[in-house]
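Worksheet for the structure shown next.
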Amino acid sequence: MNNSNQDVIKSNSQLLQKEMISRNYDRITSGQFKVSSTFVPGNLNELLMCFDIANNLPEINAIQNAMRKKSGDFITEAERSGHSEDVCTYVKADIGMMEKGNIAPNGKPFPDPDMLLLSYTGCFTFLKWFELLREQYKCPTVMLHVPYAADGKVTKNMRDYIVTQLKEEVIPTMEKISGIKFDIDRLREYLRKSAQAENDLVWMLEQSKHKPSPIDCYFGGVYYMGPIFTAFRGTDEAIVYYKLLREEIQQRIDLGLCAQTPEGDMSEEKYRLVVEGPPNWTSFREFWKMFYEMGAVVVASSYTKVGGVYDYDNFRHDPDHPLESLADYCLGVYTNRNLPTRVDMLARNVKEYEADGLLINSIKSCNSFSAGQLVMMREIEKLTGKPGAFIETDLVDPRYFSAANVKNRLESYFQMIDQKRRAGGSATVAV
Amino acid sequence: MSAKPVEKIVDFCQGIFEDITFAKARQWKDAQPGRKVIGYMPVYVPREIIHAAGMLPLGILGGGADMEVIHGDAYYQSYICRIPRSTIELAITGKLDFVDGMMFPSICDVIRNLSGIWQIMFKDKYVRYFDAPQNFKDEIGGVFYSNELRELKEGLEKLGGREITDAQINNSIAVYNENRDWVNRVYDFRAATPWNAPAAEVYLLMRAGMVLPVEEHTQLMKDYLEAAAAEPRPMRDNCRVTLIGTFCEQPPLNLIKSLEMAGCYIVDDDTMLVTRWLLEAVPTDGDPIDNLSKAFLHHSAETAAKYEVNLEEKGSYMLESIRKRGADGVIFAAPSFCDPALLDQPMMVHRLEALGIPYITMQYAENSGQMQPIREQAGTFADSIKLWSSS
Amino acid sequence: MRTFIGIDLGSTTTKAVLMDENRQVLGRGITNSRSNYDVAAKVSKQESKIAARFTLFKNALGSGGGAELLLADLERNFRLEQFLSELNQLEATCYRYLDHERFKDLKGPLREALETVFKTITVEAPTIYAPGAERKSDFFRDIAGSRFMNLAESVGKQAGLSFDVLLNVYDKSIIDIESQVSSDETVSAQLLNGLARAMGEVAGLDISKADAQKALESVLGQELEETYVVGTGYGRVRLPFPKEHIRSEILCHGLGAHMMFPRTRTVLDIGGQDTKGIQVDENGIVVNFQMNDRCAAGCGRYLGYIADEMNIGLHELGPIAMKATKATRINSTCTVFAGAELRDRMAMGENRADILAGLHRAIMLRAMSIISRSGGVTEEFTFTGGVAKNEAAVKELRQLIFENYGEKTINISAESIYTGALGGASFAHSAGN
Amino acid sequence: MATAIGIDVGSGVIKTALFRVDGDKTEWLSRWDARIRQRDAHTLVEESIESVLKDAGLQRQQINYIASTGEGETLKGTTGHFYSMTTHARGAIYLNPEARAVLDIGALNGRAISIDAQSKVLTYRMTSQCASGSGQFLENIARYLGIGQDEIGSLSLQSTNPEKVSGICAVLAETDVINMVSRSIAPSDILRGIHESMADRLLKLLKAIGVKQGVVMMTGGLALDIGLVKAIQDGMDKQHMNTRVAAHPDSMFAGAIGAALWGAFRYQKLKSRGQLPIAS
């Protein structure tokens, strides 16, 4: 098979996505557009589109660099210049890239951003990350503080606070930078398109309820989520993409196929898992392989909710309440939800998707995800009666991916599920 | 009150520091039926409102160097700082059973998620994640923050079963104004004659303030200052440093002692910022919620926990501390895995480098045992300031 | 006869358990993993077969008539035979190394010193294996090594030779010795020799020499067919086994503990370089587990390291720590730094027993965290792995379990180090049938 | 003129040096070193002082300053203490005046220090609290392989196909070596592999403190390991660092040298101020 880490799944939708991504990088590096950097969670793509500002997402750049095996060097570079070993490696991959010439995946240099849209949503590191970038670029930086939904609900105070910030801080800054006046109807139109793609997206997420599941909702899922999480929410392209994806998946269901992997379709679905936590990117292929080789498919994952939660409480962007719905979107991203909500979400997934258990991939970098996962695991085990398993890796730091360790744990976990099934509750020793 | 010798005051504080069962706070609670205790995690919470509700704000700063943490590791991976695991250990071993509610200020994702763990594990307790605005305009962040303060007030009213009046809050503000004033005097005294107020003593004095009722703590500081001034101690050939990064998980007492032993007088630090987070006295008339909100927005310490809107203002608190306290250099001591401290550090370092102020960086955990590397670094720092200065 | 073998290739020791068709354990074997893995597996297997032959011989002799005495004596004599034969080889190897570039110049004096050392050990050997004697270790390397070091230091000093050089000769030679597996023939001969000595030594036997010899010969003649072998443990992926013969060590430990103590629900295994907390159900099936590994802090090797550091035997650590009046608080997380801390504290005059007690407590505290992570102790609890042999570790554990989970049944078997191999053998049994 | 003794109490070895300093002239009068090996450090220090005095033909009253360094803060009978980095920096400049950085690798810790011509410590980095890749680690492995300490260097130089090792635990080193041996990897390749991985870590420290050119002086016992020195130089060349690594037969004494020299310096300075120090 191909040995590039890039095109892991070959299908029309995948090809289309590839093309979309490279077109976006061309747009960012073309020098013809104003560029804003911002984060995936709380990403206000529709709003940026209203000002013709290109959307550059450092997290995605870090992922791209990790898959191209460049992140390790970048991280070391950043640590060399005084960044701690202990902090999020996305930040260091980004800063290291900057120090090493700031070259985009298309080979062209990234332009300095015209603004930093600091959507402080669900992650403390974001705040410092853009303070660090601001030191370098000295460009206008606008803070959008999204309060944490600590009690599992959105209060009026929170929503009002965000809407005011949008009106008083974010929009005026964008107007100033782009020279374009804000047109709320343009925003409404984009939001309508967002909602349309989001419908197909939710349909897609739910298809892994089939047995066998036609898709992998973690390793495959990160590809399926690509457009909606990045610079395409609100575009026609996203609508086309999700329609195409929907057709492909429908076809797989009709044919009764197991999930697709880089080495073709899985021949048998032995284990169904729900996964919490982001994947490892530096050894993405190797990591995925450990799963499909053992016959494991991921039927639901929290990572496919980091850029917005659409299935759990059925949120859609709403053209009739444009700014409020952007606020609700930000408030609702996965990492902005409190632990009881995250537990409920995952426990429901285990039950509704008939999974064998919950696997947590705990990421060293990310306290937003990781702090509390052990408690979540125990709660979810209690709620579902299904065993959990815990592995530890990192996002884009190759030093923290120990294949042997991960494999050992996965093997033990799957053998445990097996043994449990074979015993079938009989009282004799099952060996 | 006649002056007590320093030693007695320090021993009293040390006793409070070592007591992980919080006996002093329990005594306060038991003294009158219906009293309530609200625990809070480090950095900043508006203690005035808790005080006004007739409750005792209890600062919980982890388990310290000597607590054996057994279950804590069942809750946290090795790459997460230490304070949440020892705090959980305190809770599940019953040491916080008398605490009626917990407040988790918005400092980082670890403390944020700890609020969720509390919600899951201690369902019968009042749990409040306390968000502070990162927008500092009155009509934006101010409105949000005032509403948050009001929500807090209402929550405490419900918990306490009585209304909290503006007059009560104003009164509490005055009490805390006085406390802040004395905290600052202790810091001034130490900066002027650090040999007369060793860092470990000042630390213990402030730690006592996390547990004692504020009025008692204020008195304790008055007594200490009087006693310390009356007991001059020999001055050592040390350099003067500001300690930065210790605002949440606490350095072990031995670390603080080791720094001084290795030749560094600590003339300022950022431990227990809650005692001096608000930089100016808060007005005691008018709408107390608005006053607290404005104090937070416009006169609070510029630290890693906050977003600094102006690039030029970044690091101003630290630089002001160096200037005001006459420090020769800075020791950045951050808890391992502490995002706020470690992510902020490179920016602080830039500021120092631009001004040619020497600094060193080190990491610790609340239970670090090995002080040798710490002394090594601090000692070398002191050596080089000493050997190459004109003295 | 058909036999089923489980081999647990641990980081420090390799264990084998051999069972028959009725899932009766016939023999257990152990060796240190310090030689290469293949060899370790072979040696432990050979050892388990030797033990099996003892069992079979015992069955053949029946009880009474002094059979127990004879068996015990045979075992001692056999071990002595084994020891002397290995010592001989070690000596010869040492001499060979004297021609090495490094030692050529000192060949004469070195040879003389070595001869003295080996002569002394040979003379001492019978006392090491005397009835009722306490041995410092089960392994040749450790027993011979510690005697060698002690003697080399004094002998070397007298001869004006540096200790480091003598040590180096030993270090080079022991590797060769450890890479050898005794053949069946050698073992048979050693057993028969041992029997002859034992028959001479044990008084008041009702068994005739001829009968005993015949019985042993018949046992030795019996083929122990390796019907199915299952490998597990840290080094399992390096075993020359097909994939389906390999089981996760977690499952093996869980099952092994269940077989020994069927009401076990929580298992703690502390091996050489990892610590596992395992929860099993009523069938011995693992429902949850946690482990920490790749850092020696808090594992068995930590104890070995400390023993080396203090120049005492591994078996002596526990007894010394038991004499403590309090446990010194040890802060270092790293074993190597704990070694330094230990030296530091000894220098400051702290009591050796107290420091050792502190080290044991530190290990158990880490283990308690892992247990807690795996789900805590709810019902019966079993402690397995090599460290379960250490009484001071067990004492701290009992106390900590009590403090944290209240009164619980705590099982510790004398054979706890074989738990993983036992589980493996059981898997072999079901796979081979 | 000042006569001073420097005592470096290491975690493995104690080193003592006696110096006479007269203006710019320094004279190394005598030296002493011994492995601690489960002996009482204080007694050894006493022994070392006696010994250096005897060798130099001096009486204790003739010594102006006894300076400790390393883990010697609590030693009795010393005049003052300087911290290791201060003394190693000074020792490095003494051994090689061109040195602008120091790599000090002892039994447990490693550190990189950047210095100026006056041996002032500018910045530094230390290895973390894990002894993987330390001298102890190397020692353990060598013992397992049956290799003498002084053989390590030359063997490593013979390697043709170094075995890559990642930071492995000093205690579990043996297990990892077994792993390698069982894959029939030659001892020289294993050693070179370890040297490369250590060099890698040390170079990271060097880069972290911004050393880009000039002479990097190795101090501490591992400076005697020519295999490690070579691996560090190779690493520098490979990473296009414009630096040259240097070791000196007396590198192990750098701390003791530095302590003695600083002691003499401090004595003269205090004397000029009329404050004569006395040994405590």
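A few points about this structure:
In order of appearance the chains are A, B, C and D, and numbering begins at 1 in each one.
Note that a residue touches a chain if its C-beta (ideal position, glycine included) is under 8 Å from a C-beta of that chain, and two chains touch if they have at least 3 such contacts.
This structure is a prediction, so every number in the text was calculated from the model and none was measured.
The interface with the largest number of contacting C-beta pairs joins chains A-B. Subunit A and subunit C, compared by their mean Cα positions, are separated by 49 Å.
In terms of their C-alpha centroids, the spacing between subunit B and subunit D amounts to 40 Å.
Look at where the CA atoms of subunit B average out and do the same for subunit C: the two points lie 52 Å apart.
Shown for subunit C are the residues that touch two or more other chains, namely 294, 332, 337, 373.
Contact of a single residue of subunit A with at least two other chains is seen at positions 374.
Touching of two or more other chains is recorded for residues 71, 129 of subunit D. A complete topology is adopted by the chain contact network, contact being made between every pair of chains. Here subunit B touches subunit C in the complex through residues 65-66, 68-74, 367-370, going by the rule given at the top. Those residues of subunit D that touch subunit C in the complex are listed here as 11, 36, 38, 40-42, 71, 108, 129-131, 134, 136-137, 143-149, 151, 169-172, 174-175, 178-179, 181-182. Those residues of subunit B whose C-beta lies close enough to touch subunit D in the complex are 261-262, 370, 372-373, 375-377, 379-380, 382-384, 387-388. On the subunit A side of its complex with subunit C, the touching residues are 374, 378, 381, 387-388, 390, 402, 404-405, 408, 411-412, 415-416, 419-420, 423, 426-431. Only residues 71, 73, 81-86, 109, 118, 120-121, 124, 126, 129, 262, 265 of subunit D touch subunit B when the two sit together in their complex.
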